[in-house]
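What follows are several structures.
Across the two complexes that follow, subunit A remains constant while its partner is subunit B and subsequently subunit C.
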Partner chain A sequence: MTAVKRVWGIPLVRHLVIGVVALVVVLFVLSSLSPFRNAQMATMAYLAIAAGGLTVLTGLSGQLSLGHGAFLAVGAYTTAYLLKDPDPPLPLVVIMLVSVAVALVVGGVVGVAAARLKGPYVAGATLALAVAVPALVRYLHGFGQEQGLHVIVPDVPRWFTDIVWQITGVDVDPVSYVAYLGWIALIVTFILLANLMRSRTGRTWRALRDNDVAAEIAGITLGRSRVLAFVMSTAAAGLAGSLMALSVRVAAPSGFPVDLSLTLLSAVVLGGLGSLTGALLGSALLTFLPQAVTNWGSSAGLSDVQSAELAPVVYGLIMMAVILLAPAGVVGSLRHAWQRRRGLA
Partner chain B sequence: MTRTTRRGHRFRRPAGAAALLLVGALALAGCGRDASSREPAAAGDTTGVTDTSIKVGATFPLTGVAAPGYSTIPKGAQAYFDYVNDNGGVYGRKIDYIVKDDAYNPTTTSSVTNELVLKDQVFAMLGALGTPTHEAVVDFLNSSKVPDIAVSSGSVTWGDDPKEHPWTFGWQTDYESEGKIIGKWIADNMPKARVGLFLQNDDFGASGEKGLRDYIDKQIVAVSKYTPGGTDVTPQIAALQAKKADLVVGFNVPSYTALSQLVAMKLNYKPQWFYTNVGSDPTLVGSLLANFSKGQVKNGAQLLDGVMSTAYLPDVSNTSNPWIQTFDKIWKSNGSGGALTNYELYGMSQAYMFVQALQATGKDLTREALVKTLEEKGGDFTGPVFAPYRYSADSHLGTSGMKVVKIEGGQVKDVTGVETTDIGDADITESSESESTPPADGIPPAE
Partner chain C sequence: MQQFWTTLLGGLTLGAVYAAFALALCLIWRSTRVVNFAQAPMAMVTTYVGLEVIDSTGSYWLGFVVALAAGLVLGAVVERGLVRFVEGKSDLNVVILTLGLFVVLHSLAAIVFGQDYKSFPAPFSLQGLHVGGHNLAITGFGVFTLIAVAVVFVLLVALFRFTDLGLKMRASAFSPEVARLLGVRVGKMLTLGWALAAVVGSLAGLLVAGGSLVFPQFMDSVVVYGFVAAVLGGLDSPAGSVVGGLVLGLALSFVSGYAASDLVPITALGILVLVLLVRPGGLFSHVAERRV
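Entry: the complex of A and B
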């Protein structure tokens, strides 16, 4: 029993076990959902990946990014560029990795500049990026300008259909294929992020978030740690962007407005800064709430325009309620409550 | 590998009893779903159609920057469908029209279209608005074999290649044909004019320029492009002024009509303006002018006096037109209040064409049959549009021609008759067909 406990105490083992269990659960859940719910699950997966990267950046290393939509755009455009012809030059997984790499490089360049800034100045610089990237794409030739690049999602590979069939007994259609891809990518990303948070690097980030002077005295190179955190979260955003392109099937400037970045940040705050579970919760809310609220609105007899306007109102109210009643976010506040109870008992 | 062999394969595999049970249960669930969605092969796809209803979906920007004007198009369609339903529907089927907001964001278009097709199971999409937004869903709709009727955008993509998108049909005159018609009119009537172009920097502007250059390549002295999103067009207009352009043709959206007018006022630049149909709605541009100038311009609509434009539908100010009279009556009985606008008229016209196609298809409505009807009979449909639709097996492009018009005292006056043409090197001909009149009750007759 103690041996099991000891092994469970090793973060990598724990995260891998949770990951494998999650993977099996996800396969069964996705295979039992309708195609429409699968499409929503694909959306939730890419939002959660982006929010996961952002929550680690903001919650752990203390850098506030208001421009993560720009890195989603970088990932999405890379994928769209490589998938604009019916015969893609690379396998899909490689295309996704290339998108991550491109976002990582762009993130590195921005990160080096951002590492010299602190607090609100990082936020300002990244916000400028969120405005600039879609505008830049409108000017550049070869990126489809206003109407964007069309994404041709490759056919579901035979081996993939066979494996899913062996496990769940359900066929994979093109819509759920993207959902499977998204959730597999989400689980892999979250295992990596969870490990990173528990590692020396994660502790370094916490140190410089809480007091950068103390961290520097303790021998932490501030610039390098900040850039690392930034690059890691832009890589996650790149992956999210790549999946976004696959699920939306187009990469167009109007798909990356400034409020995409702000919405992502709000999802992270709602769930609880620095918590991956919180990121998951926030992205679930972002995905399912608007559609549900709009439907409630129209079934309650509101006009189409009114019910369309209802979703942001309800989201805003929930946001305010969370900030007033649970300032550490939903997951953060639950965790605090749990710790208090244990401390008392 | 077919499904039966795969299934046989599965049972030969050694697996844990519990896992096998679970897999078995889910496989059964899977089979159940497959069986229920299987259609009898010959009858065609009747998704969204019952004996008493037809479900139709649409995506429009109801909120956000593109909402002014465009958000009222579906109100027109809704009013027309309500009117048809009140009069017994089409072959006894009421039309259930579901509109979703995409805020002109392709990501949202994709998710709400998923909802319409996969969850609400609509029979067809009607009038989905926007080029980048519809680009996101056109492949999905075609691979799901959902009729995608009357896309609200003048891009040639919606119909120039029916082999690539067999389920998608255009609606309004495409921007290239519009460019050609404007170009020919300038070549014939203002051959000495020094033409400056004011273009949106995308497919819209590029198609228009292509059409214009077929006729007035040598007359064009300056080309200015703006990128949507920016709010200052002073450099662009100043460049046209510097080249002494005395006729400016704008392929731009309404907000840039207002911006270009304000800048020209500031620069004291007074060329003849020629805006496309998209950019010239006097009421909308007038209110935008008042808004952008923070109230300094009060008589916005009058500021557009003398501006030239094009039209493929009659203007609501033209109260002697029988179609306007019919639609105005329907708007008064079934609309959502206020005076009929050109945007609502646009939605009603799309709805009219859709009902026309349903009537012509007959009682046995399937998705395949609707597309077949449009390809075989759509070219003969008459309606509020001035020129016939180009629907055939080789082209799914919408109406083929326009009139050149002039805005005078808030009214839209005809300058020419109906000029019809097509994309590519098709000639422009004056339409000889006399204008159609609506059926007495405003509902296209069944065949």
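Entry: the complex of A and C
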């Protein structure tokens, strides 16, 4: 019993076990859903990956980025550029990794500039970035201007269908293929991020978030840690963008408005700053809430246009309520309550 | 040559609007150390209120005054009702609160006022002025914009530099505890700071809207460029806001006039990054000691 407890205490083991269990559960859930629900699950997966990266940046290292949509655009355009022909030059997984690498490089450049700045100045620079990237893409040749690039999703590989069929007994159609890819990527990303958060690097980030002067005196190089956090979160955003291109099947400038960046930030806040579970919960809310609220709005007698605007009102209100009433977010508040109960019992 | 003057004067008017918006941000920053991301939607709402008044009474100036008054009330309500509760907590909380308000106001306006484009009247001519037989590239409304922003700037500087009230406001922002001990009603000063900033923001809204179309997203470009202008000048300085606004307005106007309008956002980003890499606190920043 104590041996099990000791092994469970190793973060890597714990995260891997949770990851494998989650993978199996996800396979069964996705195989039982309709194509429409699978498309929604794919959306949730890429939002959650981006929100997970932003959790590391904002929740852990305390830097605010209002421009993560720009890095999603970088990832999405890289994937779309490599997948614009029916016969892709590289395997899909490699294309996704290339998208991550490109976003990582761009993130490195922006991160070096951002690390010199404080609070509102970082926010201003990243906000300008969120507007600049879609406009630049519109201007440059070879990216399809306003219409954007169409993405041709490669056929589902034989071995993939076989494995899924072996486990769940269901065939993989092209729509759910993207959902499977998204959730596998999500689980891998979250295992990596969870390990990073529990490591020395994660502790360094928390230290500089809580008190940068003290952290510097303790021997932490502020600039390097800040840039590292920024790069990690942009890599996650690049992966999310790649999956977004695959699930939307197009990469166009209108897909990356400033609202997207703010939406991501709200996903991080809704669940609770600094918690990956929170990021997952926040992105679930963002994916499934709009439809529910819109239906509720039309049944309450609002016009279609009006009820479509109801969803942002609701999550804007939730965002404000979370900050005013439960600044630790939903997950953080539950954790506090749980710890308090255990302390009393 | 004609195109040069058109671009120059157009850039100045545009810059004046950014400057007004940046002044509003600077005012809140000076009085509460908060960046109000909901500034633009707040101005959008007050502009709609103004438009309703203009449509029902037919008087531009009545609508103008009502919009500014609505800004005053809205600013005070937002500070007293929302921002007050996260005062002194982590900076991130206030930012997220104002972003939440941004989203809510944006969508509420679309529900209440509708998504349609509505035309907003202008009090002055929208034709180029004639002086001595020459056709100038600036409109009557453009002149009004420049004058209005200049007046606001002078009033704000006078408020902060020469009046007792301005001193109290600066003290409350600089060191709330010491100010409270010395008998300043810090809470009231904060509310007043927000209210005044919202008035300036409403003015920016009216200037953007005049002679043009109003719809829930009409302030969106000003959000980004106004903010960039404020950061460019150094959030702390009203003069910096004005200079930042004018520099940005001129630069963007020349880029869109002589190159391509799609290059405007990347130019704004380029200017911002260049300035901040040389002076991380903006053009007009003071060197501040850091408190450990």
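We take it that the second predicted complex is superposed on the first by the 342 of 345 C-alpha atoms of A that agree within 3 Å, B and C clash if a C-alpha of one lies under 4 Å from a C-alpha of the other, contacts with A are read in each partner's own complex, and residues count from 1 in each chain.
Rule of thumb we're sticking to: contacts are C-beta pairs under 8 Å (C-beta built on N, C-alpha and C of every residue); 3 or more make two chains touch, one makes a residue touch a chain.
Here the structure is a predicted model, which is why all the values come from computation and not from measurement.
J.: Quick check on the superposition: with subunit A as the shared anchor, is it clash or fit for subunit B versus subunit C?
T.: Clash: subunit B and subunit C overlap once superposed on subunit A.
J.: What is the contact status of A:S225 with respect to subunit B (first) and subunit C (second): first, second, both, or neither?
T.: neither
J.: Should A:E309 be classified as contacting the first partner (subunit B), the second (subunit C), both, or neither?
T.: It touches subunit B and subunit C both.
J.: If we overlay the two complexes on their shared chain A, which of subunit B and subunit C does A:L265 touch? Say first, second, both or neither.
T.: Touch partner of A:L265: subunit C, not subunit B.
J.: Between subunit B and subunit C, whom does A:A39 touch in the aligned arrangement: first, second, both, or neither?
T.: Once the two structures are laid over each other on A, A:A39 reaches subunit B alone.
J.: What is the contact status of A:T55 with respect to subunit B (first) and subunit C (second): first, second, both, or neither?
T.: A:T55 sits against neither subunit B nor subunit C.
J.: Scan A:S275 for contacts with subunit B and subunit C and give back first, second, both or neither.
T.: neither
J.: Using the touch definition from the top, say if A:R138 reaches subunit B (first), subunit C (second), both or neither.
T.: Touch status of A:R138: both partners.
J.: Given 203-211, 239-247 or 293-301, which one is the stretch of subunit B whose C-alpha atoms run into subunit C?
T.: The overlap with subunit C comes from subunit B residues 293-301.
J.: Jot down the residues of subunit A that show up as touching in both complexes, subunit B in one and subunit C in the other.
T.: Overlap of subunit B and subunit C footprints on subunit A: residues 135, 138-139, 305, 309, 312.
J.: Which residues of subunit C touch subunit A in the complex?
T.: For this pair, the touching residues of subunit C are 29, 35, 82, 85-86, 89-93, 95-97, 99-104, 106-108, 110-111, 114-115, 220, 223-224, 227-228, 230-231, 235, 260, 262-266, 268-269, 272-273, 276-277, 280-282, 290, 292.
J.: Considering the complex alone, what residue numbers of subunit A touch subunit C?
T.: So the residues of subunit A touching subunit C come out as 58, 62, 64, 113, 116-121, 123-125, 127-129, 131-132, 135-136, 138-139, 213, 258, 262, 265-266, 269, 273, 302, 305-306, 309-313, 315-317, 319-320, 323-324, 327.
J.: Within the complex, which stretch of subunit B touches subunit A?
T.: Residues 1, 3, 6, 10, 13, 22-24, 26-30, 34, 62-63, 71, 74, 99-101, 103-107, 110-112, 114-115, 118-119, 131-133, 135-137, 139-140, 143, 155, 200-204, 227-229, 336.
J.: Going by the contact rule set out above, which residues of subunit A touch subunit B in the complex?
T.: 28, 31-32, 34-36, 39-40, 43, 134-135, 138-139, 145-148, 150, 152, 158, 162, 165-171, 174-175, 244, 247-250, 252-255, 257, 260, 291, 294, 303-305, 308-309, 312
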